[in-house]
C-alpha cells in the first residue's frame, strides 16, 4: 500500500499475500460489473473519475466506462444527491459516492425529505444508492470518522446496508443497486484493505434484510455489523479459549432489521451483547433491545443486555483517545465475560 | 369554447398540437434565441412579441387556474375545506406562459403558486379537487395535500414544502434528458425567497457546469411570506446573478403571458439545441396573502393597488379584445365554463371515496420482497 | 381564534375562557422576559418580526425590542443557524425560530457538525436555542408535521427539550436560553392554543434534565413528553374509571434523559408503556427501553414493554389517515389495558 | 532577525503595532477604498502597490509558515507523524497578506491551507506542533487534528472539515462585530471548491443583505482535490459573482503578498466604516497534492512549472532585494531562524504529555450542572 493509495490508510492490511480480494476491490468489482451489465447504472461523486475516489474504490472505472457514466462533480452534496434522485426517477440507477460518510450531513435534507418520502407520497420509486465511507479507528478526527447509520435508521423510507465481509461488499452493493428503494450503503473504511477473502461473484446475491450468523455458539449472542464484525469474531476466538461459546450475528442491514435471526439466537443463548461503532444513545442497538423487550423474547433474557458502543462524544482524533473510543476486542471480551458470569 | 375565435380544444393536452411546432412559433416572431448570450440580461419588457397562435390556450389555462383557486378559496372560507390553501392569483401568466409550449417529453417542476403549470400539462380539475379533499384516488392518495402534488405520468414532479428542493432533483431530470439526446428539457420554478437557499445555488451552478437542458424560472412576487425582497437580497435584479454562473439570464414582465411564453420558449429552444440552462426572473406580485390564513397586512395597499391594474388575465383579455380576437361575451363564457368545470370537479371529488386508514403503513418502500417490517402500530 | 392567527390552526382551543395563558403565550412571555432582562438575547428567524412568526409566537416583540434584536432573515436555515452559532460564541444568546421543525433538515449540518462538537473539540461553549414548532395532528402533511427530536437525541453535544405544559413552555425556554449548550427546543404546535393554564413566571426555573411525574399510580408507568402528555393524562383518567392506576412520567427533556425517575416509577409499577408521537424505530422510546434493559431495572418488568408511537411512515396529510397515525387516547388506553391484563 | 533592514519583532502579535495604523497604511499608498463600488471587479494585478512598511513581517510570516509545513512534511515522510497533512505551500501570500493587518479585535476564519493566518494572529509554532502531535496541551487537547484547529482567544475560529462551514458561523461573528460598533471585522477564507456549496451562497447573500463587516476571501488554487476549476464553475472569474449579490468583488494575484494585503486592507477598511462585505478572489496554485498522500498526477506538469516561477516567497524576496531592503544573507538567516523555531517547537511538542484517555468523555457539554449522563463505556 503506497501512501498515495489512500486518503487515510485503513487499519494495516492483514497478510496482503493471502488469496482473494480486499473488501475495497470487491466494491470496485461490483461497480464495474454493474456498469458493464446495466446501462442504467451511473456513478456520481467528487473526484471519483480521474482520481478514482479518495479511497480509490472507483479507480479505473472512468477510463473504462467514460466520464459520462462515471462522473466527477463539484463539491456540492445537495446537488449531487438531488441529481441522483432525478436520475433515479427518470429510469437510471445512480450510485453516489460521498467522499466521507460525514458529508451526508450536507445532503440530509434531500435524503430525508425527497428520497425517503416520494414513494409513500406518490408511488414513485427512488432507486438511488449512496455509498458512505464510514467509521473511525484511523485517527481521522471528528469529521472523517462518523458512523451516521443510526441517524438514518430512524427515517422511514430509507434502507440502511452495512456490509462487513468481502462477499457482502460485493453482493450487498449489487443488491442495493438492484433494489428500487433509496439505499444508504455504509461501507467501512477500516475494512477496505484489512479484509481480504476469496470472492465468488457468481454466488446468488442475497437480498437486503437478512442477517447472517457468522459463528455458532450457545453461551451468548453477540449482535453486530460493519466494522465491528472482525473484532467480535476475534473476541469470540478469545472467549472460546476460555470456554465461552459466542454466537455472532451480523445484521448486514439495519433497515430492514432482521430481528427474527437475533431473537432465534437469543432464545438459544439467553444472553445478549450488542456491539456497534456508532455511539450508543438512540443507536440501532437501542432499537434491537426495544423490539426484543416488546415481545416475549424478553423472557429469554437471563441477564440484562449489554451494549458495547462508542461513548456519546464526537470522535476524537488522537489515536490514544480513539483507541478508547472505538469498541475494542478487549472491551467486547470483558462485556461477554461479565454477562456470562452474571 | 365556441365563443373563442378559433376552435381550439380545451387545454387538457396542450403539447399534442398535431404539427408539433407550437413551441417555437412564438419565438419565430422575431426574438432569436441567439440574442441570449452568456451573461446577457434582457431588459424588462424587451421581448414582448406579437400575440401567439396559441393565445386561446393561454387564456383558457389562466382562467381555469383562477376559477379553480376561487372555488377552493370559497370552500375554505365556508369551512368546507381544511388544511393549507396557497394562491397563485395574479401570477398565472408565469406558469401558464412558461409551460404551455412544453412537449410531452419535457418535464416540469412547479412551485406552490403554479397550478397553471399542472393544468398546462393536462392535470384535470378533478385531480386537483381530489387532491385538496385528500381522496383515495387523488394523485397522492391522501398522503400529501393541496398543491404539494404532481402527476408524474404527465411529467410533473410533485413538489415538497422545503423550498426549492425540486431544483436539485431537476438536475437529475435534466441530466437524464441530456443523456437521452431527444431534446427534452426541464422547467424548474421557484420564488424570490427560494433564491436565498443553498439548494438554489448548488443547482444553478451544476446546471451551468454541465450545460443541462434546464430552464430556471424565478417568480419574483416581491415577498417571501412577510419578507420583502429588499430584506432578501441586495441585487437589483435576480437575473443579474446569471453572469456569475456563466449562463444567460433575462428578466421578464411576469404578468405578460405573451412575453413569458416568448422568453421561456427561447430558453427552451436553446436548451433543446444543447445550449444549456437559462435563468429567467419573472417579475410579478403576490396578490393574496402567503396562504389563506394570512391577510398580509405587511404589504402596502398602494403596491397591491398598482399591481391590480396589471392583472395578467385582464391585461391579456384586453389585448385580445383590442386585436379583435375576443369579445366580452366570449370572455364571460370562458369564465363561466371554467367556473362550471371547477364546480363539477368539486362535486365529483366530494363523492369520491376517502383513503382506507388501514392502508396507512403501505407503500413506504417500493420493494415488497424485502419489507422493512414497519413496527405494527400497537394498541 | 381568527383564521389569520395561525398557519395551521392547532387542535381546537379548550375552554378559552378558562383562566391563565396558553402554551403559546407562555413561550412569548418567556421570550419577552428574556429580551427585557438580558441584553445578550437576540431572536432570529423567518418572518418573526413584522409578522410575529408563522404561529405568532413572537408577535409584538419586534415592536417592543426593535428589528435589531428581533431580526427577520431570508429563507436560509443554514445561514441562520450558522449566524446564531457565531453570535453565541461572541457572547450573545441567540434564539432561532425555525418556521416549522421540519426545516431543521436544512441546517442539520451546522447543528450536528458545528454546534454540537465545538465544546468537545475546543472548549468553546455554544449557547444557542433553536425553537422547532413540531408535530402533527393538524392535517399539515409530511413536511409540516415532523417530530425530529428522535434524530437529534442520537447526536452527542446537543440538548433536546420538549415542553408539554404551559409552565414548562415558559420555564424550560428560559432554562434553554440560560444553558451554555446548544439546545433544540421542540415546542408543540398542537399544544400552542389547546393548553391553557395559570403561569407562575416567578417560580424557580427548573433546570434541563429532570422528568416530572404528572400523575401518580401504582399499576403501570406511562412515559411520555410533548404533545402526547395531554393524551396520556386523558387515557389515565379513563383507565382510572376502570380501576387501573396509571403513573404518568413527563420526560421534559430527551437529552439529558432522566432515567432515574423512569426507573423509580417502573420499580413501583412493574409495567412500562412509552408513548411518543415521533415514529417508533430508533426513537427515544428505544433508548429508554435499552437503558432499562441494561440495568437491573430489567428485573422489575413483569411484562414486555410497549411503545405506542407513530408508525414508521412519513406523516400522511389526510385527517383520516393522520388520525390513525398520531397515537390516540384510545390507542394508549388499549395498550395499557393489554399490558395490565398480561 | 537583525539581518532585516528594519528591526521589527517577529510576528507573534502583528496587530500590536504601537501606532495601530498599519492596517490602513498600504491602502494609503494610492488604492482608495472608494474605488470599490458595488459590482465592480478589479482586474488582476491592478492594485499592486508599493512595498508596505510591514514588509518584514509579511516575509517572516510566509517563511515561518513554509518552514513549519516543511518540517511537518519531513516528519510525515519519516513516519514520525500520522494522520492528515495538508499543505499551503505556494499560497502563503494569501493568508499572510490578508491577515497581517488585522486588529486584535478582528476575527479570522481560516481554511485548511491557511497556516499563515494562524501565525499572523500569534499562534506559536509550539501550538502547531502540539496540535499535530495530538498533545494534551494542544489547542484541541488531542480531540481534533492537524490544521483543523484555531486558537479562539486569538480570534481564530477552529475550522471543521465540512467546507466552508465556517462561513455561516462568520455571519454571526460579523453581526456581533456590527452590533458592538467598534469597527471590528471578520475575515473568512475558503477555496474555489467551496464556492460550489450552498453554505457559501447563503453566507454571501446574507452578508450582503445585512451589510456585515465581513471580508470573503476565495483562494482559487485551480483545483478542488482532483477537480479543476473548469469542472466546478462556468464563470471566468469567481469575483464576477459579487455583482449578483450587490457587493464589491475583486480579483487579485494571490501570489503577490503586497497586492493581497493592499486589496484586503481596502476591504477591511470599507467594512470598518460600515461599507459591508467584499468578495475577493485570490488566484493562486496548489503546489502540492491535495494532502500528503496525494501525488496529484492529475495536475499537468507545465501548470506547476509555470506557477513554480511565481513562488510568493521568492517573488517577494526578489522584489525586496531589488529595492535594497534585503540581501541574500538576511534571507538565508530568516529561513534558518524559521527552521530552527520549527524544530524547537517540534522537540517541545514531542516531550509534551499525551491526553489522558480517561478524560475521553469529558467536555461534551459545557454545563456540568445538567450532565447529559453519557452512557458509561461498558466492558
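Read from first to last, the chains carry the letters A, B, C and D; within each, the first residue is number 1.
Going forward, a residue touches a chain if its C-beta (ideal position, glycine included) is under 8 Å from a C-beta of that chain, and two chains touch if they have at least 3 such contacts.
Remember, predicted model here, so these are calculated numbers, not experimental data.
Enquirer: Greatest Cα-centroid separation from chain C: which chain?
Expert: Most distant chain from chain C: D.
Enquirer: In terms of residue-numbered contact pairs, which of A-B, C-D or A-D coincides with B-C for over half of them?
Expert: A-D
Enquirer: Averaging over Cα atoms per chain, report the distance between chain A and chain B in Å.
Expert: 42
Enquirer: How many angstrom between the C-alpha centroids of chain C and chain A?
Expert: The mean C-alpha positions of chain A and chain C differ by 32 Å.
Enquirer: Measure off the straight-line distance from the CA centroid of chain A to the CA centroid of chain D, and report it in whole Å.
Expert: Going by mean C-alpha positions, chain A sits 37 Å from chain D.
Enquirer: Please report how many Å separate the Cα centroid of chain B from that of chain D, as a whole number.
Expert: Going by mean C-alpha positions, chain B sits 46 Å from chain D.
Enquirer: Out of chain B, which residues touch more than one other chain, so two or more?
Expert: Expected reply: 140, 143-144, 160, 162, 196-199, 202, 205-206, 209, 231-233, 364, 372, 374-375, 378.
Enquirer: What are the residue numbers in chain A that touch two or more other chains?
Expert: In chain A, 73-74, 76, 78-79, 102, 105-106, 109, 113, 117, 120-121, 142-143, 156-157, 255, 257, 281, 294, 306-307, 311-314 touch at least two other chains.
Enquirer: Taking the complex as given, what residues does chain D use to touch chain C?
Expert: Residue list for chain D touching chain C: 139-141, 143-144, 149-150, 152, 157-158, 160, 162, 165, 167-177, 179, 198-199, 202-203, 205-206, 209, 363-367, 369-375, 378.
Enquirer: Per the contact definition, I'd like the list of chain A residues that touch chain B in the complex.
Expert: Residues 68, 73-74, 76, 78-79, 81-92, 94, 109-110, 113-114, 117-127, 156-157, 159, 179-181, 207-209, 255-257, 259, 291, 294.
Enquirer: Taking the complex as given, what residues does chain D use to touch chain A?
Expert: The contact residues of chain D facing chain A are 82-84, 134, 140, 142-146, 148, 160-163, 193-194, 196-199, 224-227, 231-233, 291-295, 298, 354-355, 357, 360-361, 364, 372, 374-379.
Enquirer: Spell out the part of chain D that touches chain B in their complex, as residue ranges.
Expert: 38, 196-202, 205-206, 208-209, 231-236, 240-247
Enquirer: Taking the touch rule as given, give the residues of chain A at its contact with chain C in the complex, in rising order.
Expert: 102, 105-106, 108-109, 112-113, 116-117, 120-121, 142-143, 150-151, 153-157, 255, 257, 279, 281-287, 289-290, 292-296, 298, 301, 304-307, 311-314
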